[in-house]
Structure formats: C-alpha cells, structure tokens
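The data blocks that follow each hold one structure.
One chain, chain A, links the two complexes that follow: it is found with chain B in the first and with chain C in the second.
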Partner chain A sequence: MSTVVLLLATGLGLGALYFLVASGLSLIYGLMGVLNFAHGSFLTLGAFAGWETARRLGGDSWGSLLLSLLVGAGVGALAAVLTELLLIRRLYERHIEQVLVTVGLALATVALFDGIWGTDAIFVTGPGWFDETTTILGARVPNDRFLLIGVALLVLGGIVAFLRFTRFGLVIRAGVENRSMVTALGIDVRRAFTVVFAIGGAAAGLGGVLASHYFGYVSPQLGGSLLIFAFIVTVIGGLGSLLGAAIASVVVAVLQQMANFYLSGTGDLVVVLLLATVLLVRPSGLMGARA
Partner chain B sequence: MSTTTDTHPDTGTPQPAAPAGPTGGARRGAGLPLRLLAVLGLVVLLAVLPLINVSVPGVLPGATYTPGTLQLMALALVFASLALTYHVIFGVAGLLSFGHALYLAIGAYGLGIVLERTDLGLVPAMLLTLLGGAVVALVLGAVGLRVGGISFAMVTLAFAQAGSVLIRRNSDVTGGEEGLRLDTTNVPDAFVGVTDTRNLYWVALVLLVVVFALVTWFERSRAGHVAAATRENELRVRVLGLRPFAVKLLAFVTGSVLAVVVGMVYLLLQSGATPRVASADFTLTILVIVVLGGLGSRWGAVVGGIVYTLLDQRLTTLAASDAVESLPAVLSVPLGEPLFILGTLFILVVLFVPGGLVGLGARLAGARTRAGRPATPAAGEDGP
Partner chain C sequence: MSQSGPVLRVRGLSARIGQQQVVEDVTLEVPAQGVTALLGRNGVGKTSTIKAVLGLVERNGVVELDGERIDTLPTHRIVQRGVGYVPEDREVFGSLSVEENLRLAERSANPRRDLVADLFPDIIARGQQAAGTLSGGQQQMVALARALLNDNRLLLVDEPTKGLSPKLVGEVTEALERAAQVVPILLVEQNLVVARRLADRAVVMADGRVVHTGDAAELLDDEQRVVSLLGVGSTGSSHGSSHDSGSHPDPSTHDQEVRS
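Here is the complex of A and B:
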C-alpha cells in the first residue's frame, strides 16, 4: 500500500511537470497551429535563471525559492514573447516553416546553454523542508512533490480562470474554436498570440525551476527530455485542449512510474504503447475536437 | 454539395499524373544528355579523388588521398544519401517525420547485432536487417499515418524516442552508452582497417548514386506523382478516387527502408554505432540538412548533406582553435558551439532563403542571366 501511495505521489509530481510544459504547447498549438520545439528551451532557461537567482540569495530559504520561481516564470515568458515577435510572427500561417524555426531555435539555444553553463548537471538545493518527507498512509513522500502538485493546480486554475473571465481569454477561446471568424469580426488575434506565448513561456519557466528541484539538478538537456513526454501528453490529451492535457499528464506520469516499478523500468515504452493505442482507438486524443 | 460539383471539373485540369508526365518529359528531353553527362562527369571525378592528390585548404582537413580526409568525404556522401531518403518522406510526400533517425539506427545497430550474434556473412546479414527494418517501417508507418500533419510528427518522435530508450537500456546487446563496435569476423577484409578507407569511400559513393537513382525513379513513378499530389491537396486526390493513405505509407516505407541501407553503410564506415544516431537531435540534424540544401529538391538534399558535414567538421575545428579561445567570452562562447552556429544559420535560411542553398544558387544564376540580356517581362515574372 505504501509503495502504491509513493508511486502515486511521485507520478502526480511528474505529471505536474508534464502539465506545466504541455499546457503551453497545447494552447499555442490550439490557437496558432504552431508546434513549438523551443518550448523545452524556455523551460531550461527558466531553470537556469531560477538557479542563478537562488544561488545569489543563498539557496536554502523560502524567500529565495519564491523569488527564483518568479524569476524563472518571468524569464520563460520573456523568452517566449521574444520568440513570437521576432521569429514566429514573420512566418504567419506557414506552419511547417514555423516548426522549422523553433527546431533551429531549440538546437541553437541548447548549444548556447552548453557553452554558458557547461554540459554537466549542476546540483541545486532548496529549503530544508524539501529534504524531509511526510508520511501518508505509511508512505514517506518527499515534500517537493506537494509543491509541484500545488503549483500545477494553481496554474491550471489560473489559466482556466483567465480563459473564462477575461476579454483576452474570450478572444483566445474563440480563436481556438474558429480563428478566421474571430478575425473577420475585426478582432486582432495577433495580440492574443503574444499573450498565449507569454502564458506558455511562464508556465514552462515555472516548470523549469520546479523540475530542477524534482530531479535535483539543472542541465542544458533538462527541457528536451521533458519536452518529448509533453508532446506525447499533448497528443494523448487532444491538441488544443487544456483539460485534456491535464488529465493526460497525470495518466501518463502515473502509468510511467507504475511501469518503471512493477515492470522493471519499462515506463517510457509503456507510454509510447499508450500513445499508439490512443491513436488507433481515438486519433483526435482524449478531449480533442478535431483530428 | 454544390462545392464538390464545382471543384470536380477544376480538379480534372491540373491532374498531376497524366499531363505532367509528357510535358515534363519533353522539357527534360532537350537538356537530358547534357545534364546526364555532367552528372556522370561529377561521379567519375568523385570516384578518382582517392587516387589523386588534391588539397582544398579550409574545406578539407588534408589531401584527398589521406584516410582522414577520405573518412570525412565518405561521411559527407553518407549524410547526402540519408538526406535523400528523408527527402522522399518530407520533400515528396510532405510527411513531417521526427523519427527518421530510428531507421538509420535500425540499419546500423541491426547489422551490428546480426554480425555479432550470428555466423551470417555480410550480405545475408544485410538482407536480414533490411527485412527487419521494412517490417518496423510498415507497422509504425501504418499506426502513425492514422493522424496527419503535426500529430504525425509527434507520433514519429515518440516511436523514435522508444527506439532510443531501447538502445540505451539494453546495454548487453547494444553496448548502451558506450556504443556498439563492429564485429569484423564476417566482414570482408577490404572494408576493415584504416588503409582501406578508400574502399569504404567508394562504397559510400555507390550508395549515394544508387539511392539517388532509386529516389529519382520513385519521384517519377505514378506513386511518386500521387504522393506529391497528396502533399499539395489530399482532398483532391481522394476526390479523384485515389487512396492517399496507401501512397503515403509507400513513400514512408521507401524512405525508411533506404535509410536502413544508409545506416548499414554508416556502421561499416564508422566501424561502430553510438546511441546518438537514434536520438531526436539526430533527426533534427537530418531535417536541418534537407532544409539547408533546399526543401523538395534532390540536389538540395545532396548539397545540404555534403555542406553540413564539412561545415560541422570545420566549425568543430574552429571552436577548438586559439583564435576563438582568445576572443572575449561574449563571442567565444557562441562561436565555440558548432550547433549554435548551425542552428542560427538554419533559422536564417528558413526566414530569408526559402529555397535553401540550391534555391539561392538558382536565383543568383537567374539574376545573372537576366542582367546579361534584355529581360522580357514574362521571363522576369517566371524567374523566381
């Protein structure tokens, strides 16, 4: 029983990370049709920015953790907005080229991070509370999992509220539904594009700082390894669906942890099998409107 | 309902297979012997390079008969072949696959493992690997092609990632992170050893010529035309009563199986394989090559593969050089990372040079001929 609880908690923590990456990917794809390969770089950049902040302030206080989360989110959002304004916007409506540009950006930035921070993993320290565990139903769950799950829930709630109760949210939701109609009504969707990129970048940057505490290190490869699973989550959840991404994140991460434990480390393969099954049974994903 | 009847006669006129064949053939017919001769000359020139002493400072690390330079040139030819196989999938059929590295890895690792575990000779082992690769391509292609566009990209990425994980995990079979070394017991002596590098270079050249011929044949076949038509407008192809799925699958399997063959030559050339060939980064490298050279063009793929390999090698030398080390950190850090320069170059090509290197060459040539003679308005509009 305690093993199952521990696996569930770890799976939920990992799922929270997947969701922080996948939510941005899904929103950006849903509104603009852009598959953002550079999203992993936003995450890595956020992680490094958070680490640099925490290092300067002394990494073991709550204040520096909070500030590093804010800086990570801010840097992620800034990088995303710059990407949208400088690269994506020039290639409006040319989806393949947009993908290619983000691919080039991902390659170039990972190499740049290698050059700046080195290829080796840098170990991070958090507040002392992170090193302790909390006992739930006999399982000793590491405390950082709770923070991850909490932040992911906050982000989910925040994005849903933003989409539902603000004017920008209305435009974005309408744009996902039918972009040409929104444009025809005289609303400039391009501002919504920038906002969506900012939200996605902020979530990814936040995810980067949290990922560095979950895994215990930062490295230039951090974003790329999470990005592939975030892609899988996005397809399983249904492209463009935020709720689908949330559900799929949890399902994929928990399944991955379970398979890693009970089926001798086959978690990654089981996830790919799940993807193949979903595609065979329901090509549009769990909550996807169109294929 | 009315839209279908409206578009139906419209789709009949630009129907790709029938009218494109004769007109294309007639246009090619005029320049055919000359172009064929030029290509033949190029192949002969490349074939005699290992026998003569040519130095190209700044491009090649040494004279063309030295093993190190031959190894690099052979690698360039292998990358050109690999880019051609990806051209079939992405350039012709328009399928954005992010898992192409998987098939190169199947070729390299498959042949390596078969040679190590069985007593088969080189040729039977290659045939066995080819068969295995074809089955994998058929199954994964059939599953992946249930979705289109970007979803297909992500699905192929996921499959390739599974392959990469399999290779890294099963270290008792694949050598894990260390990589797999070629077991040379059943490999002919002509392909082993540093002094025989030129034999491998010729193998790589033959590979490129064969792959180029096969890809050309596929592109000009009925299936190739339908694949190109599906890339442009799948709905029209379906309206014409053709089956896009079968053609897309055929293009995917053709490109993938050819990549398996390239992977086998890669194994012989490098006398081993590392997990890097199965990684997502490697697929992205192939994508960069194809786009850099010129998307949708066979010569673009070839030029891209050769330029990329040489550039990568040169930039790595540059990164390690004293000139870069002595620069201030703002410059030396980015210049010290070859992938950063290649990535930036790639972004610039996508943004500003849509036709890649080949397109740029054609445009420059077009501008020169237009400047040379009084331009007619029609030619001016036709040019770009």
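Here is the complex of A and C:
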C-alpha cells in the first residue's frame, strides 16, 4: 500500500511537470497550429534563471524559492514572447518552416546553455522542508511533490479562469475554433498569439524551477527530456485541449511510475504503447474536438 | 470620407486560392445607399470576391472604402474601418455562448444592443446557450447580429437565407431590409425573390469575372437574361450545362476551366 501511495505521489509530481509544459504546447497548437519544439528551452532557461536567483540570494529559504519561481516564470514568458515576435510571427501559416525554426532554436539554445553553464548537471537545493518527507498511509512522500502538484493546480485554475473570464480568453477560445473569423470581426488575433506564448512560457519557466527541485539538478538537457513526454501528453489529451492535457499528464506520469516499479523499468515503453493505443482507437485524443 | 461617391470601389481585383485563380479582374462599385446584389451561379467566385475585399484570401487589385485604399490592410483593420461581414455558412463560434459570440463582435463601447434585441428576440433569450446547439436559422441570426451590433459603413452579407425555411427567409429578409435603411449592403443571394425584394442594383459574375452590372429589378424581371446569366431553370447541376449563347455573350470565352 505504502509503495502505491509513494508511486502515486511521485507520478502526480511528475505529471505536474508534464502539465506545466503541455499546457503551453496545447494552447499554442490550439490557437496557431504551431508545434513548438523550442518549448523545452523556455523550461531550461527558467530553471537556470531560477537557480541563478536562488544562488545570489544565498540560503535555501522559502523567500528565495518564491523569488526564483517568479523569476523563472518571468524569464520563460519573456523568452517565449521574443520567440513569437521575432521568429514565429514571420512564419505565420507556414507550418513546415515553423517546425524547422523551433527545432533549430531548441538545438541552438541547448548549445548556448552548454556554453554559459557548462554541460554538467548543477545540483540544486531548496528549503529544508524539501528534504523531509510527509507520511501518508505509511508512505514517506518527499515534500517537494506537494509543491509541484499545488503549483500545477494553480496554473490550471489560473489558465481556465483567464480563458473564461477575460477578453483575451474569449478571443483565444474563439480563435481555437475559427481563427480567420476572429480577424473578420475586427480583432487582431496576433496579439492573442503573443499572450498565449507568454502564458505558455511562464508555465514552462515555473516548471523549470520546479523540475530542478524534483530532479535535484539543472542541466541544459532538462527541458528537452521533459518536452518529449509533454508532447506525448498533449497528443494523448487531444491537441489543443487544456483539460485533456491535464488529465493525460496525470495518467501518463502515474502509469510511467507504476510500470517502472512493477514492470522492471518499462515506464517509457508503456507510455509509447499508450500513445499508440490512443492514436489507433481515438486519433483526436481523449478530449480532442477534431481529428 | 466623400458622401457622394460609392462606399466601396473595386478595380481589377484578382484572388487565388492555392493554385486556382478564383477571382479575375473584378471591377464593381457599391453605392453609399441601398442593397447591391452580387449574383451568379454556384462556384463563380462571389464568396471569393467578398473574401478578397476583406483580405481573407490572397488578392491583387485596388479596393477603396469611402475613397481610401484598403487592399493592403490586414483583415482586422479593414473591419475596424467599418465593414461588417456575415459569412456564408454563418461561422458562429459553436463552443461559445450566444452572448459570447455577440460580445466578441462588439467593436465599440456602445453596441446596438437594442436593435439586435428588437430584430432577434429569440437569440437574445438564448444568451447562455452554446451557439453550436442553435438551429441553422438561429445561427444565421447570431451571424447577422454580430454585424448589426456595430456602426458599419458597409455590410458584406453572403447567402444569408441559404438552407432556411420560408418563414426564416422572411425574417432574415426583414432584418436586412431594416439594416439597409442605415447601411449600404453588398449581398450575395441565390434566392432571387429575396434579391428582387432587397436589391437596388445587381452585379453578376461568371467564371470569376463580372459579366453584367445594372438595375436589379430590370435584370431580375427579364426572364431570358436571368436564365442566361444566372442559369436558373437549368436546375440540378449548378454549372456546366448552360453555356448557352443567349443575348449576353460571355466575355470570358478564352477561359481555362476555372472549376472544381
């Protein structure tokens, strides 16, 4: 029992990370049809920015953790906005070129991060509370899991509220359905593109800081390794569906943890099999509206 | 803003969708008052012409709104200048509520909510319903309401009565009649009874080009020309059958099959 609880908690924590990446991927794809392969770089940059912040503040206090989360989110958002304005916007509707540019950017930024921070993993420590565990049903669950899950839930709630209650949210929801009709109502839908990139970049940046605590280190490869699973999650959830991405994040991560433990480390294989099954049975994903 | 000239002037407009030339050298004017009907058989390029005016498809040529060039502007800027668009097949946002559809379309702080409530009480009563669950007629009213909420200089209305029951055709016609009292309309309409009732002038297209321009009543009351220009009578297949050598020879004779 305690093993199951531990695996669940760890799976939920990992699922939270997947969701923080997948939420942006899903929104960006939903509105613009852009598969953003550079999204992992926003996460990595956020992680490094968060680490630099905490390092400068010294001490592993809650205050420096909070600030590093804010800086990570801000840097992630900024990087995403610049990417949209300088690169993606010029390639509006040219999907092949978009893929090439975002893949290129992902590769180039990893090389850049290597140059700045080195290729070795940098170990990260957080508040002392992170090193402790909380016992639930006999399982000793590392405390950082709770923070991850809490932040992911806040981000989910925040994005849902933003989409439902703001003018930009209305434009984004309409744009996901029929972009050209939004422009035909006199709305500059490109501004919504920038907003969506900012939100996605902020969530990824937050995810970067949290990932560095979950794994215990930062490295230039951090974003890329999470991005693969975030893409799988996005496809399983249904491209463009935020709620689908949230559900799929949890399902994929928990399944991955369980399979790793009970089926001798076959977690990644099981995830790929799940992806294949979903694509065969329900090609538009769990919550995808269109094929 | 010259009040005397036409509200819309189109000269030498061409548009392509992919490799296909769907609008060729179209020249037409919409006067500052009343309804101008844009007529022609299915697939001749009426919708594409309207989309080209709005910049929704790649286009070349001159388009002037109240004497100012708009052909290099992006769609949202053209609309912001006072062009309301009611697309073929409605294109309401199905996952949004009726109220959200309307709110999205409002461009000013003082939208004409009263007019819309007066014309379409039915849809106002369904404000919280997802627009995708409305009937076709109700969706058409939402599409019209989106355009009528704003102070426009011109409305582009594409086949508003398509697929509607006779009763709804009547309601939509009435709404357009009222709208036409305050704003000029370029109206694509396949229902010739509706066109006859609403339109003052008519522009007829064939194979991506304008082949006739003139008084609407005069054209629509002339059965022979209606048959030759609009292909009415040869029901069933929409085009292809009647390349008849009627009174109006088709100027686009050297045509390279611009058909689907």
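What we mean here is this: the second predicted complex is superposed on the first by the 290 of 291 C-alpha atoms of A that agree within 3 Å, B and C clash if a C-alpha of one lies under 4 Å from a C-alpha of the other, contacts with A are read in each partner's own complex, and residues count from 1 in each chain.
To be clear about the criterion, contacts are C-beta pairs under 8 Å (C-beta built on N, C-alpha and C of every residue); 3 or more make two chains touch, one makes a residue touch a chain.
Just so you know, these numbers come straight off a predicted model, no measurement behind them.
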Identify the partner contact of A:170: answer first if only chain B is touched, second if only chain C is, both if each is, neither if none is. second
Who contacts more of chain A, chain B or chain C? B
Using the superposition on chain A described above, determine whether A:231 touches chain B (first), chain C (second), both, or neither. first
Classify the contacts of A:275 with the two partner chains as first (chain B alone), second (chain C alone), both, or neither. first
Would you check which partner chain A:107 touches, where first means chain B only, second means chain C only, and both and neither mean what they say? first
For A:181, decide between first (touching chain B), second (touching chain C), both and neither. second
Of the partners chain B and chain C, which touch A:70 in the superposed model: first, second, both, neither? neither
Which partner chains sit in contact with A:97 here, chain B, chain C, both or neither? Use first/second/both/neither. first
Could you tell me if A:122 is touching chain B, chain C, both of them or neither one (first, second, both, neither)? neither
Please write out, lowest number first, the residues of chain A touched by both chain B and chain C across the two complexes. none
Per the contact definition, I'd like the list of chain C residues that touch chain A in the complex. 54, 56, 74-76, 79-80, 85, 87, 91, 93-96, 100, 103-105, 107, 146, 150
Chain A partner contacts - residues on chain B that touch it in the complex: 96, 143-144, 146-151, 153-155, 157-159, 161-162, 165-166, 169, 280-281, 284, 287-288, 291, 333-334, 336-340, 342-344, 346-347, 350-351, 354
Provide the residue numbers of chain A that touch chain C in the complex, in ascending order. 170-171, 173-174, 177-178, 180-189, 289
Chain A - residues contacting chain B, complex: 29, 33, 35, 37, 87, 90-91, 95-97, 99-101, 103-112, 114-116, 224, 228, 231-232, 234-235, 239, 265, 268-269, 271-272, 275-276, 279-280, 283, 291
